[in-house]
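One chain, chain A, appears in both complexes that follow, with chain B as partner in the first and chain C in the second.
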Partner chain A sequence: MKWWRFVVASEIRKILAFRTDFWVTFLGQTCIQIFIARSLWQAIFEASGKTVMEGYTIETMTLYYLIVPIGSKMLTGENMGFLSREIYEGTFNRYLLYPISFFNYKTLTYLTYSAFYGLQLCLAFIGYQLIFDQFDLNQVIQLSYGLFFFMLASYAYCNLALFIELISIWADNIWSLMVMARFLCFFFGGAYIPLNFFPDILQKIIQFTPFPYFVSLPINAMMGKLSTKEMILGVVILLVWSLIFNWLAKRLWEKGQYTYSGVGI
Partner chain B sequence: MKRYLRLYFFFLQFSFSKALEFRIDFFFRIAMDIMYYFVNIALFKILLLHTPLIAGWNEEQMMIFVGCYLLVDAINMTVFSTNMWWLPFYINRGELDYYLIRPVSPLFFLSLREFSANSFINLMIAAVFFFHSLFSYSQDWNLLSLFGLIILLINGSLIYYCIQMLMILPVFWTQSAKGFIDLFYTLGLAMERPDRIFKGWLRVLFTVVLPFGLIASFPARIFIEGFNLQTIFHLILVTSGLWIVVLSVWRKGLKSYSSASS
Partner chain C sequence: MIEVKNLRKTFISHRKEPGLKGSLKALFKREKVIKEALKSVSFKIQQGEIVGLIGANGAGKTTLVKILAGIVHPTSGEATILGFKPWERDNNYRRQMSLIMGQKAQVWWDLPALDSFLLLKEIYQIDDFLFKKNIEFLADTLMIKDQLKTQVRKLSLGERMKIELMAALLHQPKVIFLDEPTIGLDISAQKAVREFMRNYQSEFKPITILTSHYMEDIKELCPRIMIIKEGEFVYDGALSEVQKMMGDEKRLTVTTKEKTFKVNVRRSELGSTTSELFKSNDILDLNIHDPSVNDIIESIMNYGIKSP
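What follows is the complex of A and B.
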């Protein structure tokens, strides 16, 4: 068996180790976020007296908030945030001993989680479309585009997360930096409110950051709101951001290896 | 009581010196919470560009509500949050033993031992925003209603703590890494929304079963719309009920606890 298969199998075992917790959390988080978001938007639609706001009806808004929680999990994974502790305790040594590259190992474990949540996103999306009797070939294509973009965005975010995590070689604890990155990504990415609701000037500024490509782009692809041109441009921009974060993370890694003492702090 | 206060004073001393040990992290955490405040304020400001009211509240009133839940969040981050984070680890690794043999209430010790010094700075920032929203309010209010609001928000913090405990305590039985704490954080969204947006069974869920709506929305509503005996009675009843449930689950959990191999 090739090394990557061992890594993937071991990660899937980890994900499924506490099945009850896993499914309760998945179903609970997804349903709660949809119900809360739908309640808020219903109140907003009622108060504004409109049935369509910035291109969204209450139904499309519900679909948006069905994709957001699972898509966000796909994006941010669950296998980050431990590196600082490993560096602090000195158990980081194992990555130096593994017969595979640190970056490949971390990226693969990260993407395994993303793919698993992608499977959940498929189930939720198909379930939603079946309930509303809208499931057809068109939806299958949209779903495929959405999953492709979320996986690409996950790869880009993984590189960003690695870059932030490696700062812990110097800064002891970077948990709060990871949370800050998540706040920025979700808020300016459109996970809290669709970007169309932001003031025009802010929408234009946000386009120069990676955040809308992490969240809004995959969701719009899944909802069939992107033209072919926008999709191609989205792929290129996500790849460029991935390369930038990957380059930054590798520079940190090169410098950090000589700073790391190997015995904990 | 005096003994517990003295003990808490030592917790504070210990926590401040520990926080300053990791200075970079100390400042990162302050920045993180400031960002959380910014995101929450901006969220409602953007929504209010598209509608004059949310759940019957205008921008001024919404900012009072936002100030309320940011304050409750800051209190919990400062007083309870770090302790809650470590609780599942203590249970799973059998380290709860050290707390059970001490001559003080283990629940007191485990819930209050770590005072988050960096979040204390953020508590002050949240308090500034809270008072700013109150003083910017164009309607009249008096000291009594301010006092009532603060008491209700302290009660809100207790409700928040109780729900959080209820999501962590299943670790006694599931032995999972975090219990249902991720679910708790998602449910926490309900605290950040005005309770009036919830209708039907969702309203029952968030005002009685998992009363997130009582944490900040009810207090803000009493402050904005005036004293209401029925709402106060609801708050007292649900808070007492929740506290009894937490104590009973805690005791049952301790009975299932089998030390190191738990």
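What follows is the complex of A and C.
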């Protein structure tokens, strides 16, 4: 077995080692968020007297908010601080000792978490469709597109996270920076409110940022709202952003390794 | 072989005044402090040698080890280990090297040790036969066979140290950096680790640099020692020679009503010093003896080597 396959297997074992956490985050968190979103949007729809708002019915809006929490977990993969915490504590040293690239190792562990949450997303999506709609071939295709885009977005976000977390070589505590970056990505990505509700000018501006490709694009793919052209463009843009963030993270490490002091030993 | 020439390392840190005022001030302006952790260190170590690296806290031992293990870059100077520059982190170098840190776990806490070993097998590309042979040999010698399937975080400190040793030696490294391998261990665990390292060294003949504050580790394992003080070597030579260097000295342990203190005195000055001590102190007990290796090393670490 190649080392990367073993890393994936080890990470899955680590996730499964905490089964209470697994079920609480999967069932508890998702159910609560859907309940809040459904109640809130039902009130908004009733107050407005409309049955369709910016292309969303109450059912599609519920589906949107079913995808958001698990999709966001897919996007953010391993926990926030997955690298900066290791730099702070000194366990990062092990990646410098092992004869493998720490970028590859950390990207792999990150994407393993994303794939695992992807499995949760599959179950939630299929469950929802079976209960409220019908699960047919068309939705299998939509689900596949959605998962593909979320994985691609996770890869891009992982590179952005690597870049931000490496700043901890200079500034020990970068928690606030990470929280701010996550908020920006989620807010302008459409995780809190679908982007269709944003003013037109803002929608146009954020197209030049990576944010809408992190959340909104995969959700729209999963809900069957993307044309083939939009999907191809989405793949290209996500790959370009991934390359940019990857390049930035590697340049930062090239500088940072001269400053890195291997604290903790 | 390890060859180090004029290796230097400076660290930049920031100093903050104590108290709330200092914290507020540091939000806007911090005082930069440049610390010279290593000042032009040079030495050579041959294959099969085990060398004790000794020094007080902050003397530069760990910095030197971190540079040689490739974790940090030096500010200037050269180092070649098995033909590689360590900080370039060539995979061929990293496959032949190991760093064991007594204070820091390198195996994965949430996994059983055996899972970590299987991962390391793939990372280091150890073939199946050698892996099985090494697991058996190491687990038997360290008497840790029954703990291999338990999550590492659930093991005792001594058991974890043995797991760390196993993890670091699975790939039979040619260069080993042992940083405080017996720290926090009880006496029997310390003995077991020392015994194991002695056997391992004689069987596989790696280059080993051992840093430890426990003189027993050094005395039992290292025929050669390097003493580092404030980033500079003050002694590099045989442990047996250290005692001869201070052969002219006697150590006086003096107990007064207030305190007990130790003082090194030249044989020729023994009479005059003791009578001075009796005159100026209310002495309850006075003990004259030859300084032990620990005393001598402590003296070198604190005051350097005295000229004859």
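Operating definition for what follows: the second predicted complex is superposed on the first by the 256 of 265 C-alpha atoms of A that agree within 3 Å, B and C clash if a C-alpha of one lies under 4 Å from a C-alpha of the other, contacts with A are read in each partner's own complex, and residues count from 1 in each chain.
Just so we're on the same page, a residue touches a chain if its C-beta (ideal position, glycine included) is under 8 Å from a C-beta of that chain, and two chains touch if they have at least 3 such contacts.
The model shown is predicted, which means the values in this text are computed figures rather than measured ones.
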- [ ] Scan A:K225 for contacts with chain B and chain C and give back first, second, both or neither.
- [x] neither
- [ ] Check the residue A:R13 against both partner chains and state whether it touches chain B (first), chain C (second), both, or neither.
- [x] second
TODO: Return first, second, both or neither, reflecting whether A:T91 touches chain B, chain C, both chains, or no partner chain.
DONE: second
TODO: Have a look at where A:I100 lands relative to chain B and chain C in the superposition and call it first, second, both or neither.
DONE: second
Task: Partner chain(s) touched by A:V179 [first = chain B, second = chain C, both, neither] - done: first
- [ ] Would you sort A:K2 into first (chain B), second (chain C), both or neither based on which partner it touches?
- [x] second
TODO: Please name the chain, chain B or chain C, that touches the greater number of residues in chain A.
DONE: B
Open item on the list: Quick check: in the complex, which residue numbers of chain A touch chain C?
Closed with: 1-3, 5-7, 10, 13-14, 17, 90-91, 93-94, 96-100, 257-258, 260-262, 264-265
Task: Complex contacts: residues of chain A adjacent to chain B - done: 18, 20-21, 24-25, 28-29, 32-33, 35-36, 39-40, 42-44, 47-48, 53-54, 69, 171-177, 179-180, 183-184, 187, 192-193, 197-199
Task: Complex contact set, residues of chain C against chain A - done: 11, 62, 66, 69-73, 87, 89, 91-92, 94-95, 97-99, 101, 103-106, 108, 110-111, 115, 118-120, 122-125, 151, 179
Task: Of all residues in chain B, those that touch chain A in their complex - done: 22, 24-25, 28-29, 31-32, 35-36, 39, 42-43, 46-47, 49-55, 174, 176-177, 179-180, 182-183, 186-187, 189-190, 193-194, 196-199, 202
